[in-house]
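Labels for the chains are A, B, C, D and E, by order of writing; each one numbers its residues from 1.
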Amino acid sequence: MGMEQVGLLPAILAGAFVVVALFNAFLPRRGDWLVILAMLAVIVIGFLVIKDFQTYFHDGEFMPRGENAYSFEWVNIGDGLFVIDFSTWVDSITVVMITVVSIVALMVMVYSVGYMHGEQRYGWYYAVLALFTAAMLTLVISGNLLITYFAWEGVGLASFLLIGFYWERQSAAEAAKKAFITTRIGDVGFLIGIILLWREAGTFDIQQIIHFAEEGGFGETYLTVTMLFLFMGAVGKSAQFPLHVWLPDAMEGPTPVSALIHAATMVVAGVYLVARMMPVFDQVLIARDVVLYTGLITAAMAATMGLVASDIKRVLAFSTVSQLGFMFVALGLGSVSAAMFHLFTHAFFKALLFLGSGSVIHATERQEVEYLGGLRKKQPITAATFIIGSLALAGIIPLAGFWSKDEILHTSLNEGSLPVYVVLATTAVLTAIYTTRLVLLTFFGEPRDHHAYDHAHESPRIMTMPLLILSVLAVVAGFVVFTPVGKALGFSGGITELVFVEEPEKFHFDGAFALGATLSALFGIGIGLAYWWGRAERAERARSWAPELHALLVNRYYMDDLYQAIINRVVLGAAAVIALFDKRVVNESGIDGGAQSVSWFGFRLKFLQTGKIPNYALAMAVGVVALALVAFRTS
Amino acid sequence: MSSNDGYLLLALFLIPLGTAVLLMFVPSRERGAIIALTGAASFVLFVLSVYLFSRFDYEGAQFQGVKAWTWMENIGFLGEKGIQLKVGLDGIAAPMVLLTGIITMAGTWVSWKIQHRTKDFFILLYVLVAGVYGTFVMLDLFFFFLLYETAVLPMYLLIAVWGSTRKEYGAMKLMMMLVAASILIFTGIFAIFSEAGLASFDLTRLFGAHYDPTMQKIFFPMIAIGCGTLGGMFPFHAWSPDGHAAAPTAVSMLHAGVLMKLGAFGIIRLGFQILPEGAAFWAPGLITVGITAALYGAISALRQTDLKLMSGFSSVSHMGYVFMGLGTLNVVGMSGAVLQMFAHGVMTALFFLLIGGLYDQSHNRDIPNFSGMAKQMPIWSIFFIIGGMASLGLPGLSGFVAELHIFVGTFRAYPIVGGLAVLTAAITATYLLRMFSQAFFGEMNPRWSGLKEITWTERAGATVLVLSILALGLWPSPWVDRISTTLAHTIPGVSL
Amino acid sequence: MIPLENFLVLSGILFAIGFYGVLARRSAILILVSVELMLAAVSINFVAFASYLDPDFFTGIIFSIFVIVVAAAEVGLALGIVLRAYRERATANVDEANNLKW
Amino acid sequence: MQRIALPSQIDRVIVGGSLVAGAVLVPVLVVLIALLGADRISGPELVWWLLALIIVAAALGAVLLRNVVRAALCLVIVALGIAGMFLLLASEFLALVQVLVYGGGVTILLLFGLMLTNAQDDPVVQDGSQKPFAFGVGIALGAVIVIAMTDATWNTGTRSVVAFRALGDRLYRDFGVPFEVASLVLLVALVGAIAISRRDRDEEEVA
Amino acid sequence: MSDLNFDYSLLIPEFILAGTAGVVLLADAFRRELRVSRSVLPGIAAVGALAAGATSLLFVNEHDNFASLVAVDNFTTFFRVLFAATLFVVVLGSYEFVSREIRHQGEFYAMLVLMTLGATFLAAAQELLTAYIGIELLSFSAYVAVSLQKHDPRSGEAGLKYVLLGGVASAILLYGLSLIYGSAGSTSYAEIGARLADGTEDVHLPLLLGLVMLIAGLGFKASAVPFHMWTPDAYEGAPLPVTAMLSTVSKAAAFALFLRFFSGPLLPVVDDWRWMVAVIALLTMVVGNLIAVQQHNIKRLLAYSSIGQVGFMLMAITTVSDASASALLLHMGGYLITNLAVFMAVIAFYNHTGTEEISGFRGLAETNPYLALVITAGLFSLSGMPLLAGFTTKFILFQAAADGGYLWLVSIAVVMSTVSLYYYLMVVRQMYVYEPAGQPDADSATVHDERRELRWRVSPASYVTTGALLLAIVFVGIYATPLLTAADRAVAVLFPA
């Protein structure tokens, strides 16, 4: 079992999806075990694939281009003119992604057994989880941009289905719609980008495109435009400014789904994509700058919004958006390694946080922080793991988040510029602040909704187990960058080398820098503690202190309203105009008018038929005379 | 494909014709007999269609299974092989035959619940089917057009008698517009025949004949508009929303599913294959019309509240892709057009089937009136969502494969238009998801608590259609190979 | 010798006068009278042509005989029909026979 | 129903017509005779002119006169004039036929018709409202014909009197079939006129 | 002169028809003495028609003429058979109608027979006089037949209009014939052709005028605009079988003469008359079809529709050639069959309902589906819908005209053909879409049974005739080869290679 069989990963889950989706009513426990078993099998095979990958790695002479490990010709027109290969591609990025996806997915699936217990459409839930994971795995192993797109849309579909899982709630239905349409707009760009790449390179194969780009096959402007289009897809999927609006709403879905899809895996597809295409981005620095600033704006903006959000999941969502912004900043600076590293660690602690918040929601059936509080007594495990996750997010040494965020900050100063670094560092402080706020309001202080508090209890073990596992990962995941750990994991040069294959560089650990980062995180935590410790009402004060700013943040910079206005006024307005055009001009004037004019002519002409013999004779006479006159004239 | 398969091609339209004739002699009270007869006929047709599609040798670009029977020869202006009953299949017609088989079967199944003059309905329906099949396999211009018109002929009664809402208006509009469009085809055919000077209507010979370039430039748009009207080409699409809104379920299915494809097929056969220079000259026009229609239909659909009207405009939009694909003049884009013909056929048939399943119970199709239908009719909703996803071009479903080819082909020729086309797909997503979120999700409207899930025949029909959507979406090569080989080798002036 | 044109012009004038009568008259019988004028003009033409251009076969003269006979028969038949119409509406005014129109 | 006495009508027509004809014809006759005397025209031509004048005048009378009986009688004059023309054209037989059929049968029929329909009761309605158009078209038609006739170059040959025998030969032998068909036409006219105009007394038999 | 052929056996079908007419008249006159009921009259007429048609078939591929007046060739045979068959169908299909509506049945059938006889002469004539007398026989018997529905004042009015305008038209035609006689110096087609081929410079204008008048006269018979004005009125007023005859035999005969005369003798001067026919064809198809849209009476509708059809047929005269001539004959055949089917069905309908209004056809599909089917098939065929005769014949006719270089005219014809579909659909809509008058709109089973009570049957004779015609429509629509072959052979004599 090796890299050639990597295609099995999604295939198994896809099979599970089909079986469970169609027959869940007939399966014991609605088939959740089937999906989890499939997931386990995937992990096993995934492990074997990585092992196989390591053998290449061990050869000293690393062969990341194991060539397209497996290829199946899906479409072939004109003998190679237009070919779509179902080819797989395994390299270091793939390995990271497979690891993240399979671990988080398994955790979420296990967790869901408890969380979703008793839900109607329980089987359907698992089926879609399987579908999602299959699509996500396809996305990361694909060696062909179109297949990537294929999977890209597949995860979007699964996301849509899961956000709208509680479709009886109008808000969920709306959120699902919003998520789908918003990401779809990004996908338009993605598809255009893919086709533009094909147009010049003549292939959809990623490696061939990269090769083509590196040889300078594309024109400069052309490639810039193309890569910006491609990046649109990433912006949509990874909820970057200005298409970030869907992700907070996506929290309408079940919380485990948020953990899996909207924190750990699907939303990082954009990061993955840019990382995957980085050699091409390298050819056009303008495009990379766009990536950088998009990430920067998003990171800062989302963090500020996270400060005031009241919904526990939304805070996490804004945090996700913000952290994704960090990753894009890294990518924009050309540092795939930093981005992927952050992606890796973020997946674990953010999944942990989401699952933890799910545990809270499960217990209290409330998710607004105003109504929570003091839960640490009722839910000690949840609280503990949640705090670990929060610290990781805030970037406290030596938790996972610290290492990766530090790497990004480091890169931003080294590769970027001071302003970029300042903004990012400020954002990191903000991150620490809202994280602290979240933790304090949820687990500390007095319970503000006693009804919810009284019914609260620790979640069952099936839910806490994944929390514990993930919290461990949130602690240790960052250590993989150290060479000994990497070697212990079977990567001879450590994971750093794995990620920095092209031009091996070391993990930039800089003591002073790290100290600064830690201090700034602690500073943020301090602010949070000082402000919210035991005093939830401070939120009210914040509102009165700067009402406009507060309103701006609570209303998410009015971007949702702006979009709504655009849709209502511009799009629907245009639709109304065109509908009117269709009705009046095309139908009533064009078609009915044509028919009526025939009828009108008939109506007029029929009165020639007066019924009087002399008139009839006159017609004949006129006919004869006219014909004769014309005849005479022409001859 | 051996030439003996020509007999099967002949059977393709003789069977429905025979069924129609047989039905005339079945007493209208014998519903069982009617159902048995139509069921058997549709199944046989389906099997035949699948068989022929699979037997088609995709390596060969030429017409396969060619058989000819002399009909008129050396009479009047007709010379050697003047008019023949000549059948044959190429890679463009093969998927169309398959499409017809699928939709005929599904359409027959869902029509069994018609109570009012069932027999007459099926007679007309099978005449229509005969016309459609015949047009696809016919290699004689005279019979091509005869059967083309045959497919249009029963529409008036089918809509006016068995339709709903503004059925008389819709029926009359549809019929008159389509027949009016035939004027242009008629004229074009006359001109082609005269210009070719072969004294023969044999299409394969007409393909090779010499036509004056000016003449081609004059008559290609006539053919394109004439056939395009049946294909819902903007701005001659006006019959489509109204006609579909009024038509009974199976008729909408067949009409939007197959008949509109007949229009595009006509453009390929008569326009591209006979008048290639005209086609080359007018290709930008086709592209313009196509992208306009795609955008126009999609934006109009945003505003529609009637489900069928929305599907109607959606069809206009999707058929716009077809014309766009044809206008690219390259194999990828044109293959996309043909794929889209198939894909749109199946998915629009699914739409109409499902809308019919709802309307028969609720007598209402207004989207704002519905809410939370997924609760009341989950199976129906799932089918609908699959159809919708196919329509908005979700990978893995048929629509994506087709649209991808069209986009790629268009980008090759006209990148900006291609961009607009991809954008249209996003608009499609918008109106479909608006509809889903409004009608399917949310609180269930108690007014509809009496609605039942769609019947078993409808489920069966929908399943067949969904399977077709998935088949093309997941494994397109059987289609693509047949189509692209034929396009690359049989149409002069088409680049790779 | 009288030029052929003389006869032809005369016949033409007669024909035109007859046609004028058909157009201007309202009485069915007077229309018949006018038609007879036209037919008479035809006869002149035929006979003139026959004797000037076709003296050997004089088909025109034969034709004229038929024309005269048919014209007479036509008058008879038409009168029958006119009488019937007259009985139904008590007028021979053709303008009033216009129930069938449009 | 008051019927106007036929004889007095005819008297008036004859007297009035003669006066009018005399007033017109005498000067013309004088002119023509003068021309003849000057050898400008031949004898037959003189006759032709006279006849033509009479024919045209009578034809005009037939279509213009308000009195229907006078109009019908004008037709007789035309018919007789044309018979004269036939004589000029050397077809005595045809002249005979013309006089018999027109001067006799047709005219009588028409007069009977006039009387049976009381057409003269209401003389003002005789001309229709489209008279101006009729006039224009009539002039135009006449002009067209005259232009055509005078424009042509007729290739006239020698004329000879048609022998009765030859005529009979041609009529009954060569054109035997049309002749027979003509008899069918007459049969139709006869049967039809009777069937149509007959007052049905046997109506009860029909039901 | 003595070399003329006086073989009277060539005229056997005509003699049979004439005899039939005589026998019918006598049998009616002496029916009391002979103790026969009136129902023998249609029998006699039908047998006569059959005999005439059958004997005509003896002359297939004969190429002879009678006294240079009447040609007996394939062309004649084609029309003889066509006319005899039409007569047979009309007599058979209208038997019930006539026994109810017509008082003078003997005269009526005799007139129908004599119309047919006149029409065959038109088709067979080799010489203008014969053609003329044929026209008059056809016209006279038509005048009489139109007026014979004596209890209906419309019949008398129609007869009056027809006979007066017919007189004018025949005068115009005669004047035209006299001019052609004068220009060519003969009335024989062959000689006219020969003389015109020698050059017409000397007599160009008279010839042109003659052509105009000839076209006007024949246009009157064929009801071409603007000489068509009598048509709607006469069709509406006439008894239904006569309308059927007028729209079929009378028209076809005019076209037979058109073909014979214009394709041979007038071919040398084709440039002089071609545009005239084209203009008239254009006017005819446009005016006929447009006015038809506004009609409420089925007979009137069919009258205008037949005018439209004449426009189409005139196109074939415009592009005179053997191809278009055979296409014309094919179309003529198809048109005759179709029109007869419609008329026979309308007659059957009228017999039961007594209405000619289009709105009276409401719900016919419920009350008599068979009849509705026949009418629908007929109307669709007239509008040129496929699988029916109209499509094939029209397609070939139009293609022939297009090949003749008149594509613009053809395209207008196709447009008008579409307009025609519109008004045919209005009739179809009444039959199929609307419920029978006075019926509730419901489809419960009980109402369904009650509807069954509304069903009525057509008489066996109507059933047989309409059924046979329906089959013929479909047969020609699907396999027109035999008819086209016959047409081709028929016109072969007009265009010797």
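Note that a residue touches a chain if its C-beta (ideal position, glycine included) is under 8 Å from a C-beta of that chain, and two chains touch if they have at least 3 such contacts.
The model shown is predicted, which means the values in this text are computed figures rather than measured ones.
Shared contact partners of chain A and chain B, listed by label: E.
Farthest from chain D in terms of Cα centroid separation is A. Here the two chains linked by the largest count of contacting C-beta pairs are C-D. The chain with its C-alpha centre at the largest distance from the centre of chain C is A. Taking the mean of all protein C-alpha atoms as the reference point, the chain centroid lying nearest to it belongs to B. In whole angstrom, the spacing between the mean C-alpha positions of chain A and chain D is 104. Centre-to-centre separation between chain A and chain C, using Cα means, comes to 96 Å.
Work out the mean CA point of chain B and of chain C, and you get 63 Å between them. Mean C-alpha position of chain B lies 41 Å from that of chain E.
Within chain A, residues 595, 606, 609, 611-615, 617-618, 621-622, 624, 628, 632 each touch two or more of the remaining chains. The residues of chain C that reach two or more other chains are 8, 15, 18-19, 22-26, 28, 31-32, 48, 53, 57, 59, 62, 66, 70, 73-74, 77, 81-82, 84, 94-95, 97-102, listed in rising order. Chain D has residues 128, 130, 133-134, 137-138, 141, 144-145, 147-149, 154-155, 175, 178, 182, 185, 188-189, 192, 196 in contact with two or more other chains. All chain pairs that touch, listed by label, are A-B, A-C, A-D, A-E, B-E, C-D, C-E, D-E. Of all residues in chain D, only 144-145, 147-149, 151-155, 169, 174-178, 181-182, 184-185, 188-189, 191-192, 195-196, 200, 203, 206 touch chain E in the complex they form. Those residues of chain D that touch chain C in the shared complex are 42, 44-45, 48, 52, 55-56, 59-60, 62-63, 68, 71-72, 75, 78-79, 82, 85-86, 88-91, 93-94, 97-98, 101-102, 105-106, 109-110, 112-114, 116-119, 122, 125-131, 133-135, 137-139, 141-142, 145-146, 148-150, 154-160, 162, 166-167, 170-171, 175, 178, 182, 185-186, 188-190, 192-194, 196-197, 199.
Residues of chain B that touch chain A in their complex: 173, 176-177, 235, 237-239, 242, 296, 299-300, 302-304, 331-332, 335, 372, 374-375, 389, 392, 394-396, 400-401, 404-405, 407-408, 411-412, 415, 418-419, 422-423, 425-426, 429-430, 433-434, 436-437, 440-444, 475-477, 480-481, 484, 488, 496. By the touch criterion stated above, chain D contacts chain A in their complex at residues 128, 130, 133-134, 137-138, 140-141, 144, 147-148. Listed in rising order, the residues of chain E touching chain A in the complex are 160-161, 164-165, 168-169, 172, 204-205, 208-209, 211-213, 215-216, 219-220, 225-227, 229-230, 232-233, 272, 276, 279-280, 287, 290-295, 419, 422.
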